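To start, I am sharing the structure in question, which I have written as structure tokens.
Chain lettering (A, B, C and D) follows the sequence in which the chains are written, and residue indices restart at 1 in each chain.
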Amino acid sequence: MSKEKSFSRILRNILGPSALQRLWGDGLHSAEDDPVELSRMLLTTRGEVSGVAIADRVLTLIDDLDEPGFAQFCAALRDQFEVDIDAVLAAANAAKSGAPAALKALQAAAEPPRQELFRRLNAAPRGTARLVAFRRRLLDAQRADPSFGPIDIDLRHLLRSWFNRGFLVPARIDWQTSAAVLEKIIAYEAVHAIDNWDDLRQRLAPADRRCFAFFHPALPNEPLIFVEVALTRGLATSIHEVLKSPRPVLSPDEADTAIFYSISNCQAGLAGISFGAFLIKQVAADLQAELPGLRVFSTLSPVPGLARWIAGQGHTPEALADDPDALLAAAADYLLTAKDRAGRPMDPVARFHLGNGAELHRLNLRADLSPKGVSQSCGVMVNYLYDLDQVEARHEAHAASGDIAAARSVRARLSNKGAHSA
Amino acid sequence: MSKEKSFSRILRNILGPSALQRLWGDGLHSAEDDPVELSRMLLTTRGEVSGVAIADRVLTLIDDLDEPGFAQFCAALRDQFEVDIDAVLAAANAAKSGAPAALKALQAAAEPPRQELFRRLNAAPRGTARLVAFRRRLLDAQRADPSFGPIDIDLRHLLRSWFNRGFLVPARIDWQTSAAVLEKIIAYEAVHAIDNWDDLRQRLAPADRRCFAFFHPALPNEPLIFVEVALTRGLATSIHEVLKSPRPVLSPDEADTAIFYSISNCQAGLAGISFGAFLIKQVAADLQAELPGLRVFSTLSPVPGLARWIAGQGHTPEALADDPDALLAAAADYLLTAKDRAGRPMDPVARFHLGNGAELHRLNLRADLSPKGVSQSCGVMVNYLYDLDQVEARHEAHAASGDIAAARSVRARLSNKGAHSA
Amino acid sequence: MSKEKSFSRILRNILGPSALQRLWGDGLHSAEDDPVELSRMLLTTRGEVSGVAIADRVLTLIDDLDEPGFAQFCAALRDQFEVDIDAVLAAANAAKSGAPAALKALQAAAEPPRQELFRRLNAAPRGTARLVAFRRRLLDAQRADPSFGPIDIDLRHLLRSWFNRGFLVPARIDWQTSAAVLEKIIAYEAVHAIDNWDDLRQRLAPADRRCFAFFHPALPNEPLIFVEVALTRGLATSIHEVLKSPRPVLSPDEADTAIFYSISNCQAGLAGISFGAFLIKQVAADLQAELPGLRVFSTLSPVPGLARWIAGQGHTPEALADDPDALLAAAADYLLTAKDRAGRPMDPVARFHLGNGAELHRLNLRADLSPKGVSQSCGVMVNYLYDLDQVEARHEAHAASGDIAAARSVRARLSNKGAHSA
Amino acid sequence: MSKEKSFSRILRNILGPSALQRLWGDGLHSAEDDPVELSRMLLTTRGEVSGVAIADRVLTLIDDLDEPGFAQFCAALRDQFEVDIDAVLAAANAAKSGAPAALKALQAAAEPPRQELFRRLNAAPRGTARLVAFRRRLLDAQRADPSFGPIDIDLRHLLRSWFNRGFLVPARIDWQTSAAVLEKIIAYEAVHAIDNWDDLRQRLAPADRRCFAFFHPALPNEPLIFVEVALTRGLATSIHEVLKSPRPVLSPDEADTAIFYSISNCQAGLAGISFGAFLIKQVAADLQAELPGLRVFSTLSPVPGLARWIAGQGHTPEALADDPDALLAAAADYLLTAKDRAGRPMDPVARFHLGNGAELHRLNLRADLSPKGVSQSCGVMVNYLYDLDQVEARHEAHAASGDIAAARSVRARLSNKGAHSA
């Protein structure tokens, strides 16, 4: 009695194809193709099974909307399922009494109706997956029309609760994994593209390669995030070293280092709900438990904003290509001193790993000579070190004061040594 | 890499036993045994792993609290993690502008901080299970001190979202099921007690017996609710018929009726978050798909409030025991006309099934002669019929107008035939 | 598409209930209830599916035979499916040429037809399980009529090949295991009876208890043999210590000793096909890999022939009960010097463990005061030590020369110290 | 405690790298690299664990042998592990008495020692898989030196028993299957090559495509045989129709026909141990149970010997290409009248399906225009019909008398209508 099949079976068996009409009579007749009207019905129905049927219908209708239709639906969500401020004010005044019922009423008043709508849509067959897909589209629409922002506030709020750390399921991905999952790995790999299944095999099957992902029970076959790991002796300092084929395979027992050489978020519809820090720390802890010989946990990461930043400084990246010292200085300057508007590291990869509590450990020249590696990162790659004993303290320190943990050898590359003495 | 083990391993490996001290220094020193202080820290920490560690610690401390200590913790949750009404009013006024940021701020202001606290506690190892256990205790405490009500409003709100229909996993329970789950079935059976494992075997192993449950991915081995089913030819009209042993076993292909003879909620900490209606309908739909010969889906249910109601009418149930007609009339009167304060059927079992859209189909005398059956239900049992074609319409009708679907033969037993002509 | 269901489905779908008649016409008509005649048909049919149908029928008919009928069937197997000696002689003479075809013919001639019959019966639904059940009955019948011996030679030959070490599947049994398997554990426990499910839980659920079994893919839910293990600090020297309840539970990490306190063969139909030695050694190796703190692997075993042997020596076991030294001397004499006709240790448990290469390590008085423990073993239990570094060498030495590895302290108990100086 | 890992762990833990030396002392010293000598030891050792270690060593040594070395080893197997004919004669004479012990002795004498050797090798880690690999090499060697035939008689005898129908595990292969299995499907597809993973996906993922395989518990991840099925409306009469991409996907409920368009044996080392007939019949029965709308089960098969046969008749296949009637007549003549030396259909595919009890139902021109389809089959493909009501009777009839079941329309194509009137 698999969840999804049973759901569909119920809708078919209990309700039949004309269920909505039968249940809702003429009122529905006019509404059955109108996702806004059906959404309103969904909020008022008391029918458990018919609720699921309506939710299913709403999601199907949304799916069929073209771009203007989708924007129109979002506009309705924004305007017609919004909080009634006057009602909130009245409820808040009443709640001054501190009476439980009044406090409950305040909360009800302060929650936009679309939150409950999303909860009910979630009960449809494959509801969670469809809401994640809906959010992907919503984020696109929001780029065109920022007034949709409040819709996403509600949806993200729910997704954050549903994709709470406590509900994530970690799993190893290997050559025993089903093709249905593996094709997602190929599709979602965002750092070093996987060309084909042979390439994938090279990353999963050898004894010195690992891959781990987080899943959610409501999204079977859909990884949320995954990380690819190479077990090595000593630090890997170029991606070619890691990905070349053929290469000698190391026995895991002989490895002393785990290199996280690629980490990819999979679900655009879960943007802003982050899993990466926990995945890396969990994988590091698990690997250490399995392979006590591992002493070093480090990434081998691109510096995707480097070339653009150099250009912004008035240099041409090409010019630096022949001057290793200058390029290293530029990389050190960029990673240690360039900030975004919020005062965080400008480089997105640095932002992620330093935010997690990693140390900027080593700069590597000519470490990624692929077209993308050259054009974005000037061929530079960085090892961010996850020192399990320090990572939480560094994470807190960085969050509190922006402190960047960096190896002395990296700081020594700064063009102005005092730049970031703090 | 199982979820729970990995969690614990991280806490142990990354953090070590003195993790909190190390991370929090002297500030923690004074707080480390104070669940309220730690809860406050939990809301402000930015550390992902240390957040999990603190959450774990808070839940452990709560667990160790005695009754007065628990009440004290609840009082703190009530008072110190409540909404700031003035802040809500200010935010609501600001939100009149309709600016997304202001709307977001309103929502943040209107959500009591304990909701976020519960979300963060949920990330601890076995967090969801521990929060469900916490709520069981909270409900007990609330009986003694109703002012804890608002805490439960928040917790129930979250649990309802996390135990959303879309996240429930239906599963068959049978003799292949693990003992760890089966011992829960024995413990949780609330209608007709399961005496021992042999008794359990009689209910699970024969080909004409079925049992289904809902599970939640975050509560492995813990059924949320389960229903026991007997496949029969014709309606079962006494529980003895169903439970006697030995008895001839029917081939499922020959059954025309599925009798739901017991349905038990398992988690006191999930009280008020109902799964039963959906489980029955799902099981009925699944059974019909598997066994096309099934034509009738019906319960065989007690009438647990009957004896008390008869006593309240000034009769002694014993007096009616020898007068079948009078007892049937009393049962019909009770089930069709007696209401609770909210105008719903007074009998809790009737309330559940009629509320689901079932029909009050048949009254059976001397149908449960166990001590409990006699003392509560005067030996009467009822068949509530789940007619899959009608169940949703009846559910809606009952919800809208209080209409009770009852067979003519049942209505004919009313002492005053016009009593419920509506 | 589960194996068994598919099989039955084929027989039903393709063949229908009258399949045999349809396929075999009138010839079958007279044979359809005659297992001997059908067995002969089974050896000649070329139909793959009808072969399965006939095999199924034969096994069903055998199952329905009463004792005299079964003996009659065995007599037919013995006489009518035996090797034709003259044919063997002819084939052997022809094979002197060394021609492959002639060698093949010799083998065919030398193999009794009932071997092929058993192979074909094995293809019936649940064939292997039914053949194992058949053998149990055959062994009983053989006790009454030893002339059935040659049948078992053939059947055991096949079962030995099918239950070859390479096909056994080791599995841990714990409280997560299905009830269908666990009830077999209760039923099959042969050393210290498991009274009920609570008793079973005490042996499986605590962190310092383990149970392992061998399964065979063709016998799902049917353990072949299992061993119960207690993790302890120091040697357990009485069974009461191991089985008492409640008792403090030890963290597995703190254990230094694994006590194999019960080992039970489950399938009477697999008598003489031994799995025990390998199971113990495999479990010991696995436990050591999982828990590096374990240093000692030992049994705590009964001495089931002791009381009888003492009686045979003209003593009354009761008389020795009050004389610890005399009882220890008797136990040492019995275990070290008493032999069966084949020159192996007379005590069956000693024979098994010493044969495996264990050392007779320690004698324990008043170690099993249960009625069975007293009446058979005079309350004595023995620790047989499995020293993983020595076990193979000792096994070989014992097999070659009958050498018994025994601790000096045990030898010191011999009444005549020189008795077994060899 | 997975089987294979445990095995290796035992060998490592108990025995250590120098186990053989330790156990066997100087005797081994000279033998440790000699597979023949070790094989002889393996037959005499009583050590269970050391037996496994020696078996492992023997298989590893064999694996390392080059071609002449392998032939030399086979020669030893042939000569030194053969039956002793004189011993058989003596034993047969002794067995005339009918004494069980004498009969047992006869059997022992008649069984070549290499059979027991193979059984013991099977107990090594991955023993079964390695013996299957050994047999593949043996069959190659036998082509060069037919005197190795008797070795294969013994090995095939064992493999037939171990791969007995009762031990096969049917499984569906789909896009949820692990990549480790799917890459084998790509590698083993023998009829219509699978170009890459996208091609594979087209054959597995769509709702109207199925694939089923038989597995053996001792060969995880290794299909023994698999069949690919297309669900269609009406008979598919060209392979292009089946394999083209993109194509509209049919809902399985609407299909009335199952086309078995490819069936591949996977294990060269299991040649001559046939699984195909049973797989097709089982799949047909399973599909019918799942999809009651299916009425027709048919293959779409090549005629791989047609072009060669036409050439043998003195025609050029090219000449017939433009004369449909002539080509059809040639195909009918070939399939219905051309026989191999044993009197069976000359075409191997026809031999297989007609032998299974299928009907030669339809000839299709221009049905496979791939280079292989044209060069071998002149573009012709055949539908062999599996009529579940007839298949067993036809199978028996064909086996008994060589009768070919063919549709009238096919017979009508014979150049000499009376050719196969029988």
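Assume contacts are C-beta pairs under 8 Å (C-beta built on N, C-alpha and C of every residue); 3 or more make two chains touch, one makes a residue touch a chain.
Note that the structure is predicted; figures quoted are calculated from it, not measured.
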Chains contacting each of chain A and chain B, listed by label: none
Required steps from chain A to chain C (each step between touching chains, minimum): 2
Intercentroid distance (Cα basis), chain D paired with chain C, Å: 34
Whole-Å gap between the CA centroids of chain A and chain D: 48
Geometric centre distance via CA averages, chain D-chain B, whole Å: 55
For chain B, residues contacting two or more additional chains: none
Chain-level touch network, classified as line, ring, star, complete or other: ring
Interchain pairs in contact, sorted by label: A-B, A-D, B-C, C-D
Residues of chain C that touch chain B when the two form their complex: 175-180, 182-183, 196-197, 200-201, 204, 221
In the complex, chain C residues that touch chain D: 1, 3, 6, 9-10, 13-15, 19, 22-23, 45-50, 52, 82-83, 85, 88-89, 92-93, 95-96, 100, 103-104, 106-107, 109-112, 119, 122-124, 127-128, 146-147, 149-150, 153-154, 157-158, 161-162, 164-172, 212, 217-218, 277-278, 281-282, 285-286, 288-289, 356, 388-389, 391-393, 395-396, 399-400
